Each structure stands twice: as structure tokens, then as C-alpha cells.
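Supplied in C-alpha cells, the structure appears directly below.
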Amino acid sequence: MIQRIRTTPPRYWLVLVVVLFFIGLPTVIDSFQSGEWAQALVLAIAIMGLNILVGYSGQISLGHGAFMAIGAYTSAILAHRYKMDYLATIPIAGLLTGILGFLFGVPALRLSALYLALATFALAVVTPSLIKRPAELTGGVQGIVLLPPVPPTFASDTFSALTGTALTSDQWTYYVTLAWTLVLFWLAWNLVRHRAGRAMRAIRDGEVAAAASGVNIAGYKTLAFGISALYAGIAGSLFGLAVGFVSPDTFPVALSIQLLVGAVVGGLASIPGPIIGAIFAYFLPIESNQWVPTQTWIPGSIASTIEKAGPAVTYGAVLILTMIFAPNGVVGLVLTGYSRLRGRLRGVPDRESGQMPPDPHTV
Amino acid sequence: MQEFLQLVVSGIATGGIFASLALALVLIYNAMGLVNFAQGEMAMFATFVAFTLIAHGMNYWLAFVITLVVAFAGGIAIERVVIRPIERAPILTLVIVTLGLATLINGLAGSIFGYVPRAFPSPFSVQTVNILGALASFQDLGVIAVSAVVLLAIYLLLQHTTVGLTMRAAAHHAEASRLLGVRVSWMLALGWGLASAVGSVSGIMVAPIILLEPNMMQTIIIYAFAAAVLGGIESPLGAVVGGVIVGVTVNLAGVYLPFVGGDLQLAVALAIIVAVLVLKPNGLFGRPTVRRV
Amino acid sequence: MALLELEDVRAGYGATSVLHGVSLSVPEGQIVSLLGANGAGKTTTLRSITGGVHWTGDIRFGGRSLRRMHTEDVVRLGIAHVPEGRGILTELTVDENLKLGSHLRRDGAAVRKDYDRVFEYFPVLRERRRLSASTLSGGEQQMLALARAFLMKPRLMLLDEPSLGLAPLIVRAIFEIIRTINGADKVAILLVEQNARLALDVSSEAYVLEVGRVAVKGSSSELQGNEAVRRSYLGY
């Protein structure tokens, strides 16, 4: 299923358009929505991390919500108890989570794909209880409340100069998150293009063959775990920033599943996939609650069921349908459609696969 | 000593509940090498069906049997509709689909039945009886008895009937079975149906204890995972033994290990899973698999 | 109309084509040999018949086309296929393997009689009934496979290299039983064999495959008598 997605060389202009879109976004939406988009970007980072693990190195994790929790709580504790500047805590949280992920990756080597899924799933379910326990440190059930960040003067001055409005806390959070997103995505893109990425893909596609070719399986697999945990840790830390508090209930097993949904629907083993997946994963629950009831063409009983059930029914159905009909996610659909369109325009007959596409030079 | 025995007995009872769900997992694993992450949610939904029947005045045991039949049919339906299109897909795809199924069923249950926890009737009284100086409740003994009957029935079905034989053949030797006229694809569906029915027993037995609501099986499935992993994921006997061990261990840990308390019992299950996977990945009764290169 | 007819069958695996137009027929109650070197396509031919490989052309059993039928349905029409490697279900006992041979039959009394005959032909199977099939030696597994196929009470048996890897004494015994099954119960047999001499001794007709096509065909006595054919195709 995780076929190497038939990709074309990166359309740099497209990337530029997308980046500009995100930079300009807060100027056209209200402050609250900027906060929402910040949370979506947080998911994108975590999903990118998961994608590195699942899509590129072929290891399943159903517990990345736990890594997000570690990152979030690290930042929260450092900021709240030790009065550290929150922004400074972000890389620390990421690093700590990354190291823990790396250490987790060591015993994970011995587990088959299924057992790894099982173990990480169990971890995700147990995480809220584990957080509640050391109550003095973690704030127990109530969690830790964080003060909304105050935008530094250089930022608010620049923003006011460009847009004529003051920079709100939510918007500042958005930009911080966006900065991290851009950096981390760029790093990921480089990772997969170069040796580490190739090694991981080789492992994913055939571990025995990769080992026979001299790839350090253990090294790269644990590295993948560490990196993906680092991403999740940073995402968790930014999540705390965006939402303003952390508590055990903000990291239920549903979060880990949400991340997996986003990774799969967006398209595993692709760079743009996590962004698409994050937008889907974040906005679907909100939209299904608000948008569906307004659509008169949906029969009343179905609409009210969807409304009452919340996102779960839609999530589940979308996940199942995606895996059956479009296992490469949105990115896969787009690329297959694009190459078919190109073929048709050029008059080349459709080439049914049976053959793996050549390894792209870039992702 | 008394308390210890009581804990052991009630541990065996919860163990029976875990064993039923674990057996469901083992059945599907044997049939297609997949751990069905939706097993708990399927059991929960079946329990809601039982609840609805009983709430409309039906006799408990009649509702029990009908629910098992409905669960059986539901399992077959799910296999035919959702699993069949992707029967030969890689394991990650199947895992994700079962997760999607779990999410879907959970949401469906929430929207149809609501999230308010409900009391679920038990056919056994909470009176206690004196065994070897310890007090054991009829509730616990009843659960043990029901679990034992169900597990025995599955054993007899699989080992001593032609249908069970063809199911086992299809599970272990699909191609060779086809050459003997076995409809392998339908055996898979049957496996799902059976697993669903067995799993629903677990839901019906646990509901009186923890209150019926859509999320009730989310912790139970973890215990069932621990039981299945401990017993050996391919071994039905292992599921039973593993279930009992997990049930008793968790009970004892909750009382005798002060830092565990009530809320970290689940962590004990996680610890068991981790310990088994690290020390003896094939579990108590599993066989080491040969990796074909 | 022959019991089994293959008409211009082409088959292969993915991009590789193995059969390039094979036509043969197996008359009712006869033993037909399918000979040829390794890689000639003998096994692929058998697999095509029971739907284990994608094929084009036509294959008819009792006049009925087998196109697009699933393996298990083809088998249920009355074809028993003992594949390369024998297809023993090693997770199950000897008895359970045999049971899978007879599980589709409804004629209880006749089944019991057939079991008696099976144990008469292969006493070792009765001794090892309760044991796991994996404990059987190669020769015993071949006997089990044959016994199981016999219990299916098929109209046609497809045997893929029954002599492979077996000691000559055992091979002789097995071929005796093959002859008996064919004689007493009129079961038609399509016999794939590398040991051409054995095969020709027991069969009435033979086809020789070469690189996916029928190179030579005729009655077994003809082929046995033709020294040129024997030398170039059959290796003796």
C-alpha cells in the first residue's frame, strides 16, 4: 500500500504560493480563526513526524498523542514552575521527546508491525492515567494553565506597520507555529531526499533486502522514531501555546488516531500530505457539526445522526473508504490524476502499474 | 488470606471477561494475521443491542442468545463489506481500517444510544457464598460460569465439528484448503462472525460492573490485548489462560501495590504487554514464527 | 466429448507467459500423462485447470467451461488436485487431513467404505491417524495426499509429480495404487511426471510439453516404442 508515490519534481512555485498563503492568512481571517489554524498547523507538525515514522520508515505508531503530551507537559512545567520563557521551552521539549522516542525505538525494533501497533495503542490509552499520577508536577487532573503569550514589540510593530491592525496573541501564536512548521517541513524534505531518507525507504520496502545491502536497520529505525517523536514533542509544546493549557484529557487516544487519520488521508510518504491531512483532521469535526445541518439536500435523519455523532462516524467512514479506494491519500489521488491527465493530453496511453515508479530524485 | 482468595476469585471472573474478548482477537488473528482494533467497539455495540431488548421487556437469557446471533450476523456483514475488498492488503492498511471501524462504531453507538451511562442488569444476585472460607459473589461465579460455557462451546466447535475443521484449515492453509473445496473467503467471514459473537459475551458480562456507555470497552480491549499477547496471539487456549492471569494480576496489583491504586491498573496491563513483548514475544503458548525471506 | 478438454490455453504469472497455447484432452476413466522437462509448463497446466493461475483459451470439464471459476468451485465439480509439494495441512492431524477430503460428501456409508479402503492401501495412515501431519515422512505425506484425493471421490484427479523425492519402493507402491484407483473406481487421472517411463507404463495416452506447447502426443505405447521421441523428449 505504501507505494512510492509517483511524484514529479517539486514545483517550487507551488510551494512559494502555499507559503505566502499561510503567511498572509491571518490578515484575512479573524483572530480566533487564526488560533484555529495555528492548531491545525500543530497537527501538521505532529502528522509530519508520524509520517516520517510510518510513511517513510514503515513502522506503525498508534501512540503519537503520547509524545505530544510529553512535549506539551515539558514546556508547560518549564514555563509554569520554572518560569522559563515559553518560546525557549519549545526546542527543549522537542529534544527531550525526541530522545525518549529514540529510546522507545530501541525495544520497538524487536516488535513486528502488528505488535508495535498494539503496544503503542496501549500506550496511548494509558497515557492520560500516567499523566494524572505525579500530580504535584503535572497538576493532576486539572492540568496546568498557561498565560497567553504577549507578542514581542518587534513583531507587533512590524505587523501593525504592514496591516494597520495590532497583533493579537492568537495571531502571534499562529506565526510562531507557522515558523516552526516551515522549518520542520523543510528539514523533513531534506531528510527524505538524502541518505537517511533513502535508507528509511529501503527499510520500509524490504527490510531483509535493505539489510543485505548494508543499511544499518537498527540505527535508522530508531532514528526515525526519535525524529518523529521530536516533531510530536514540538507539536505538543506549540499546542500548549495555542490552547493555553494542558491537561490529561487533552491527550486521549482519539488524538493518536486523529494523527494517523491525518497522515493516511493526506497521503503517507509525501511532504504535502501532512498539511492536507492536518486541515482535514482539524476542520472536519468542526465543519461536520456546523456545515452538515445547513445542507438541505442531506436527508434529515442522516443529518441529525451525523450531527449528534460528531466527527467519529465521518472520521471512521472516511478512513475506511480512503483505505479501500485511495490508500495513497489525497496526494496520491492528485498525483495519479495529474499523471493520467498529462498522459491523456500528450496522447500517451495509460500505463497500468505492475511496475514500481523509479525512485524520484526529490520527493 | 481471605481477602487474597476473594481477590483471586473476582480476578478470575474479570479474567473470564478478558478471555472472551481475547479469544475473539485470537480467532481473527488466526484467520488473517490481523489484530482487530474494533473488537471492543463491536462488543459494546452488541451490548447496547442486548440492553435495548431487555429494556423492552425481553427475558435476559433470551436477549443474551439473540444478541449473540445478531453479533454473529454483524461480524459477517462487516467482513463482507469492509474487510473483503482489502483482504490481501498490507497489514498497515488492515490495522487502519479496523481503527476506522472502531471510530465509526463508537460514533454510531454514541449517536443512536447517547453517552449517558446506563445500568445494565445482571442475572446473578450479588449475594455471596462461602467457598473455602472466602466469600465469593454469585455475580463473579456466574460470570465465570458463562465465560467457561462460551469458551468451551468455541473449543468444541473448532476442534470437533466439520465447520470448525474447515475454519482452521482455511486459517492456516488457505491455498491448500481451496484445493479441497473449502470456501476460504466464507470461512473468513465465519471467523469474523464467531469472533463478534464471542466478544459480545465479554461486553454483556462487563456492563453490569462498569455501566454501559459507548466508551466502556476502551479499557477492556487493552486488558484483552494483554491477555492475548500473554497467552500467545495465535493460541485460543492462551487467550483463556492469559485472561485469567491478567484478571487476577490486575486485581491483586490494585490492592497490594500501593502506588497502583485504582486508576493505574490499566498501566499494569500495559506493563504486562511490554514485559511479554520484550521477554517472550510469542507468549506462553505461541510458537515462534519463521520469517520467510 | 472427453471429460477434460483444454483448448489453446495460454497462462502465465504476471508479465511472464508460460503456456503458449496448450490443447489436450483427458477421456473419461483414462490415465493421461503430461510429460516434459522442468519449466515446460506442466505444473502451470494443472494450476490453470483448478484456477490457481490466470489463463485464456478454454478449459472444459464435463462439457462445462471453467472460465472465471474460483478454485474451490472447480474442485467441487469433481476434480481433485494434488499439487507440487502435496498440499498437506501440517497444522492438522492426519485424520483431519483425510476428513477434509471427504467433508463435502453426503453418502455416509460409502465414505466409511472408502476410509476402509484407504487404510487398506496405506496402513501407515491408520497408525498415525491422531498425529500431526507434519510428522509424516515425504513418502507418507504423498500417501496421505493421494488418500485424501481419493476420499474426495473425484471424477478426475490431477497429480503433480507423485514420485518426486521418494524412494523407488515407495514410488512403486504409489503407482500401483494409482493404477488401482483408476481401474476400480474409473477415476480419470491427468498425471504430471518427470519420470517418463513410470508415467508411460501406467497411462494410456501421453502429451509432451516443451516450452509451453505440446510437442508430441500419442498413445503411451506409441511413445514408448518410438526411440527418437524417447531419446529427445523423454530422456531414455
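The chains carry the letters A, B and C, assigned in the order they are written, with residues numbered from 1 in each.
Note that contacts are C-beta pairs under 8 Å (C-beta built on N, C-alpha and C of every residue); 3 or more make two chains touch, one makes a residue touch a chain.
Small disclaimer: the values here were computed from a predicted structure and weren't measured.
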{"item": "Greatest separation from chain B - chain, by CA centre", "value": "C"}
{"item": "Chain nearest the global centroid, as defined over all protein CA atoms shown", "value": "B"}
{"item": "Centroid spacing, where centroids are CA-atom means, of chain A and chain C in whole angstrom", "value": "56"}
{"item": "Geometric centre distance via CA averages, chain C-chain B, whole Å", "value": "43"}
{"item": "Gap in Å, rounded to a whole number, between the CA centres of chain B and chain A", "value": "32"}
{"item": "Of all residues in chain B, the ones touching two or more other chains", "value": "none"}
{"item": "Touch list for chain B against partner chain A, complex", "value": "33-35, 37, 82, 85-86, 89-93, 95-97, 99-108, 110-112, 218-219, 222, 225-226, 229, 263-264, 266-267, 269-270, 273-274, 277-278, 281, 293"}
{"item": "Of all residues in chain C, those that touch chain B in their complex", "value": "50, 52, 70-72, 75-76, 80-81, 83, 87-92, 96, 99-101, 103-104, 148, 152"}
{"item": "Residue ranges of chain B touching chain C (in the complex, touch as defined)", "value": "162, 165-166, 168-169, 172-173, 175-184"}
{"item": "Complex contact set, residues of chain A against chain B", "value": "1-2, 54, 58, 60, 62, 107, 110-115, 117-119, 121-123, 125-126, 129-130, 132-133, 208, 253-254, 257, 260-261, 264, 305-306, 308-320, 323-324, 327"}
